[in-house]
Amino acid sequence: MGSLDFDIAHLFAGGLVLVSFMMLYQDRLYALLNVFALHAFVLAFSVGWQAYIQDAPHLFITTALAIVFKGIIIPVALHRIIQRLGIHREIETVVGIGPTMLFGIGLVALSMAVMLRVTAEADRLAREDVALALSVVLLGLLMMVTRRNAVSQVVGFMSLENGLILAATGAKGMPLVVEMSVAFSILIAFIVIGIFLFRIRERFDTVDIQALDRFRGEQR
Amino acid sequence: MTALVADAPVVDAVSVILLIPVVAGTLLAVLPGYWLTARLNVLATFLTLLAALSLFFFARPTSGQYLLVDDLNVVFVALNTFVGFTTSVFSASYIAHELEIGRLTPSYLRFYHAMYQVLMFAMNLALTANNIGLMWVAIELATLTTILMVGIYRTHEAIEAAWKYFILGSVGIALALFGTILIYLAAQPVMGSGLDAMVWTLLIDHVARFDPALLNVAFVFLLLGYGTKVGLAPLHAWLPDAHAEGPTPISAVLSGLLLNVALYAVLRFKMLLAANAKAIAPGPLMVTMGLGSLLFAAFMLYRRRDIKRMFAYSSIEHMGIITFAFGMGGPLANFAGLLHMTMHSLTKSAIFYSVGHIAQIKGTQKLADIRGLTETHPVLGWGLVLGVFAIAGMPPLGIFMSEFLVISSTFAREPLLAIPLVAGLLVAFGALLLRMNSVAFGDPLGSTKPAQASYVPLYAHLALVLGAGLYLPPPLVLWFQHVAGLLG
Amino acid sequence: MIPDLVVQGGQMFLVLLLAPLLTGFVRKVKARLLRRQGPPIFLPYRDLVRLLHKEVVLAENASWLFRAAPYLIFAATWVAAALVPTFATGLLFSWTADLIAITALLGSVRFFMALAGMDVGTSFGGIGSSREVMFASLAEPAMLMIIFTVALVAKSTQLSTISNVLLSGHVGLRISLGLVLIALIIVAIAENARVPVDNPATHLELTMVHEAMILEYSGRHLAVIELAAYLKLLLYVSLIACIFTPWGLATAGAGPAAYLVGAATYVAKLAVGGFLLAVFETVIAKMRVFRVPVFLGASLMLGLLGTLLLFVSRSL
Amino acid sequence: MLAAIVLWCVAALLTLAVAATATARQPWATPVIYSASLAACLVGLAVALTGLLAAPEPAPAAVLPLGLPWLGVHFRIDALAGFFLVVVNLGGAAASLYALGYGRHEPTPQRVLPFFPAFLAGMNLVVLADDAFTFLLSWEFMSLTSWALVMTHHRVADNARAGYIYLIMASFGTLCLLLAFALLAGPDGAYGFAAMRTNHLGPLFAALVLALVLLGAGSKAGLVPLHVWLPLAHPAAPSHVSALMSGVMTKVAVYGFIRIVLDLLGPPEWWWAMVVLALGGVTSALGVLYALMQHDLKRLLAYHTVENIGIIYIGLGLALAFQANHVAWAAALALTAALFHVLNHSLFKSLLFFGSGAVLTATGERDMEHLGGLIHRMPLTAFTFLIGCVAISALPPLNGFVSEWLTFQAILQSPDLPQWGLKILIPAVGALLALSAALAAACFVKAFGITFLGRPRTTVAANAREVDGFSLAAMFGFAGLCLLAGILPGVVIDALTPVVQALVGDRMPVQLGVPWLSIVPIAEARSSYNGLLVFVFIGLSASLAIYAIHRVASHALRRAPPWDCGFPSTSPITQYTAGSFAQPIRRVFGTSVFQAREHVEMPPPGDHRPARLRVDLRDLVWDVFYVPIATGVEVAAGRLNVLQFQTIRRYLSLVFAALILLLLVLGIWP
């Protein structure tokens, strides 16, 4: 494939990483949701481009899914939830934004270091793409563990999963990609519904030691 | 039907194994009433067991792009279906009591039975899958099913446990998927695009020419992703609560089967990596995680107050031992690992059977409120004692043999590795024995009403474990040895 | 065969006859050293006879053990005493028990003595027994160490062989032997309940060990026990004599003349031993009960030292 | 094929166990089960005797297709196994006979009957085993069944604790033995004993094996400092089981040591002997000192087991020392002494536990402070117990003395050894041995005197009744055996020669040829002992004295209140108690060994409370070795337990950390 194709694909992939950093940077929920929508759109473009250059039309389904579901439905739904639960205030981060960003950069470096050992005869695009996808995944995880707020953790998980889709589409002729993206969308729907159902306001979990002592009869 | 397929299967057994649960599941989802559904559940699992056993006696279906039957997974399938069957028998009597005291409503009963069959289907699919993508899907399906069943009581703790399981599980899902993608990426340049690059039997043929670096990263992700399901420390967090809060049959299935299925996946990929000379050796990683889990769980056993949670931690411990054994590799250790896995499934599910009835009689799972069982309920009490001794590796029960082989082969090869292993076993035994002493002996405490329990599954398992400790039938041994050879 | 038997029997009755005399002699000498007239030297015999003709007053709750013990004690002591070479070595049955066995025999004597002391269930009996076994727990190891030393020198634990070897003069002077001689004397004093360990002449609670155990005995039982005590004293003196002054001992089958010489020298040795004992008892004072362990510990250390010296010097 | 017959006995015992689980609650079960196991043990005993005496050439191993599939389980009777089978089945038979009477008083037979035959079967199997897997399996099975018997009266809190500590120590020992066997078998897993004999290890590994065996077999036998479980567990079991555990099971442990160190491990190093001797000496001395401090009759006996194990290990250590220096004849002497003591201890310790069991059934008391005067109420029990006391105190003419005498003779052969360490150590060990012998005498004067003599201290003691015929039969049988082994030691020594010959390659001179049936370790000029003549002489002279006295002296005899220096003490409280009896020895030794401290609580004048003397002893072994371990585990558990109560985010961070760590590993992978 021509170098232009590669550059464009690379551009999208790099963009995705960049947006992940932007998400790490946000400390307001609404802004975070907007950035996540952007994340989804960038992913959609990247997937669409892959569909075009690999002329794999079924990937367009994934593209559509990304735009409609992740780009629109989920952010809106989360908006609603935030309003319902009345938690539209600053995200409580565990460590400051600055250190998180630094650590994120470290993660990107790590994923590069790991991935660029891959011998060059492995298809170049795949190699670069996977490196970036890995960093997106790691950044998503980082977001999950550095945010206390349930919504932002879901967002983190979704960005992680975007990284997965990126890797999957980057791999030429990977079967079952569409099915996996669908499966994941359902999974995320579950999570969102769960949050809403169980009225999990601030955190994923309402674990507190007294509750444990009372209910589980475990001793600390 | 098996009579027909003496050499040329008309309906191959695997599809039967997979079909029965699906059909039964759909039926159970709609059929009302306890009496019928419970028996249907038992019947379905029994038929599945028959079909699985037929794999031993008749020509195997040829493995295609999606399904695979080889020596390795036949063992797992047989074990899976067997424990699935006995557990369904136990579940019949257990659920009856739950309905009596109204912890389960009929609608949830239907849901429960359907889910049970779906779980069986998912696990069998995961075991027979030849396509690593399919395997992933199946394992995730199994996980989601168990999540729903853990939360079935909808108490505060149950939902919390299910939620914890859900979140950690999903992250595990993601990691495992990433690993799978990486495997495909490694395979794709060699084997070309398309489905073939995900078929395990083809992968193992070409893996030698794959890119080692990609394989390494892939294995790391797969180990962590599926390791979360195996419950290896530090990925274990979901396991104790899920065991403690769910219905006991599910605890039995979780400990006895699901952990094995996840471990099976890890083994498959270990074989892949072992076949590539330049890739990182998977052994040390597994040995480290195994030892870590063993020691961690051994110490965690001490402060437990909830009987089911305690045995959940002991499951973590034993998964650690098994992972350690497979990590050590070599004919003896692999044999021991397989044996240990089988024995642990049987023993741990037996323990959960007895624990389930005990908890129902006493109306509590708190260790402090259960005492003197051998006085009030000798059959259950001694059953529990036997189970604890079996799980602690006391002769002449089966686990003794496997632990004997693991420890001795390790000590002869890597003396320094055996010391923490032995220490962990001793510490864990101390904790288990301490609790068992107070539960089974001393002045009775709590309700002494007679148990309406089905002792058959409990003692059937214990008898098998005892028999295996004394005598392993030669065919089984050859089988295990062959598989151990495969595992390298 | 027959003459050997006769000689052996002769020794048995010789010790039986001489034993009270030795005690009487010691008492006499002690009295003289204190410028007292002192009892007649044959008083012990008369004591025995008088006791034998008295009736036995038995405590109500005394058991069969209480009545059997005196005879067992006497018999065991007598056998032990008869196995120690007095005027001749290598007698017919001398190999029946070596030095270790003789010590052990005395140990069983003490065992039954202590039991007898506890039988009636009085506080004094208990005192006596517990103190006795406490002394013994130190005296016996000391005795064993002594035996080790001697046995290592003579390469044998047979008393006859030992005295022959020491007689033969190959041994020469050994520090170890000197050490164990002192140790043996200490043990002998303790075993025979003499001053400073115990005082056979008093019945004060503070001083009672041996006397407390036999407090409840009377009549013939007491007589037998007394005789056993006399025999024990004689045994130890003749033991010391035959190990450290083996001169004059006749060898087996040496004929009557040699036997007579041996007997004469033996009596002389007894006299010297008794005299020394009396002197020692008059110059020294009774010590507190809990000083005795130190006293005996000293002998244990001496014995161990002697043994160690030999073990080490063997290899030089 | 001898092994086959014994195996059939074992199978019979196991079937008995299974049958007992079903029928234990029936009234007829107790006599049936016990008499059946008695029969099985007798058959086993007969076979073992023939195996020991009549079959000098080692029979080939009997292989059953069980256990490790590619190995099978191997059983074999050689001389050593034959001897220990004799010990096991003799003790088993006596215990079964005793239990025919004793078992009737058992409130919960369903907790004893199933496990008793299984326990016997386990001990037989250990001795029969000829490969590592079978050995360990039977070994742990033996531990398990005995544990179940210890837990018989599980409602007593102490028993539960005893069972707990016992099983922990047991599995610790098993794991140590497992590691030892792993080294002996080598990486390719040659678990058969025959294969192990052939492959010799390097000095380091051999030493490691010795250490592991000392830990493994020592913890079962009760070597200090691994003895802590023993005085807890042995008394907790029913008395006939206590007899088996103390008298027989500890011997099976000794068998394990001999089998591995003297048979499988190959030629010993001289410094191994140092270790074994030191352990043995310390064990014997400490064991008897512990025993002296006890008031509980059965616990006192249990501590004495520790002492006797020490004596046995002293003998074994001497054997190792001589064998390392190729002085085979002396090694034979030492080993014979050790094995002889094994037999003796199994005899008199079982006898004594039977006696204590009889006391327990008659009075319901184990605490000596509540007993006394039983010799009047239970004369026969008292007589047999007295025999046992004399025997265990190593007093002639009984058997305990013979084995200790042989040990002393072996010690006397040691100056010719070249190593300085041994030269210094062996006399010290000899002193320790003599000390423990003397203390043992003291201890049993206390045990017998306080329990059986004097006046009853409680009403239960005053109203005790003599026990049933079966128990008495068992006790008299063993008392008779003690006497026989004491006066005819030559028979035993000659019976032991095949064992010794096989293990050290030399033997003691034939004893039965010696005139007058006396025993001569090396030469008559060196040393000799004749129990028979000593016995006869004592008997003769005693009867002579009695005869003479009753001829000449007065027969008059009058019963009167005790004189007691004119202070006739009316109350039995004024008797010496066990504590006060041991006080002088406690003052002499205890202050240093147990840090014994006495506190006198003297009420102020005018206060009517009695003055009290309180003594507290500390078990230093427990404080030094076990408390730290327990606290360490506790602390670790507490620290880790925090991980049960984290938020999901924290758990996720754990996963994340693991992922990063592994990726870093890959990143820096060469």
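A, B, C and D are the chain letters, set down in written order, and residue numbers restart from 1 in every chain.
Please note the rule applied: a residue touches a chain if its C-beta (ideal position, glycine included) is under 8 Å from a C-beta of that chain, and two chains touch if they have at least 3 such contacts.
Owing to the predicted nature of the structure, the values given are computational and were not obtained by experimental measurement.
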item: Chains touching both chain A and chain C; value: D
item: Farthest-lying chain, centroid of Cα atoms versus that of chain B; value: C
item: Top chain pair, ranked by how many C-beta pairs fall in contact; value: C-D
item: Geometric centre distance via CA averages, chain D-chain A, whole Å; value: 69
item: Rounded Å distance between chain A and chain B, as computed from the means of their C-alpha atoms; value: 31
item: Centre distance in Å when chain B and chain D are each reduced to the mean of their C-alpha atoms; value: 44
item: For chain B paired with chain C, centre-to-centre distance based on mean C-alpha positions, whole Å; value: 79
item: Where chain C touches two or more other chains, by residue; value: none
item: Overlap residues in chain A, where contacts from two or more other chains coincide; value: 114, 117, 141, 144, 204-205, 207, 218-219
item: Chain D: positions in contact with at least two other chains; value: 641, 644, 646, 648, 652, 655, 659, 663, 666
item: Chain pairs that touch, as defined at the top of this document; value: A-B, A-D, B-D, C-D
item: Partner chain A, residues of chain B touching it in the complex; value: 133, 137, 140, 156-157, 159-160, 163-164, 166-167, 170-171, 173-174, 177-178, 181-182, 184-186, 188-189, 192-195, 197-198, 211, 213-214, 217, 241, 244, 303-306, 309, 365-366, 368
item: Chain B partner contacts - residues on chain D that touch it in the complex; value: 65-70, 132-133, 136-138, 140-141, 144, 151, 154-155, 157, 160, 163-164, 167-168, 171-172, 175, 178-179, 181-183, 185-187, 189, 191, 633-634, 636-638, 640-641, 643-644, 646, 648, 651-652, 654-655, 657-659, 662-663, 666, 669
item: Residues of chain C touching chain D in the complex; value: 12, 52-61, 63-65, 71-72, 74-76, 78-79, 82, 93, 95-98, 100-101, 104-105, 107-108, 110-111, 114-115, 118-127, 129-131, 133-134, 136-141, 143-145, 148, 151-152, 155-158, 161, 203, 205, 215-216, 219-220, 223-224, 289-290, 293, 300, 303-304, 307-308, 310-312, 314-315
item: Touching residues on chain B, where the partner in the complex is chain D; value: 163-164, 167-168, 171-172, 175, 213, 216-217, 220-221, 223-224, 228, 234-235, 237-238, 240, 280, 285, 296, 299-303, 332, 372, 374, 389, 392, 394-396, 400-401, 404-405, 407-413, 418, 422, 425-427, 429-431, 433-434, 437-438, 441-443, 470-472, 474, 477
item: List of chain D residues in touch with chain C within their complex; value: 372-373, 375-376, 379, 382, 386, 390, 393-396, 401, 405, 408-409, 411-412, 414-416, 418, 420, 423-424, 426-428, 430-431, 434-435, 437-439, 441-442, 444-446, 448-450, 453-455, 516, 518, 524-530, 533-534, 537-542, 545-546, 549, 552-554, 556-565, 567-569, 572, 574-576, 580-585, 587-588
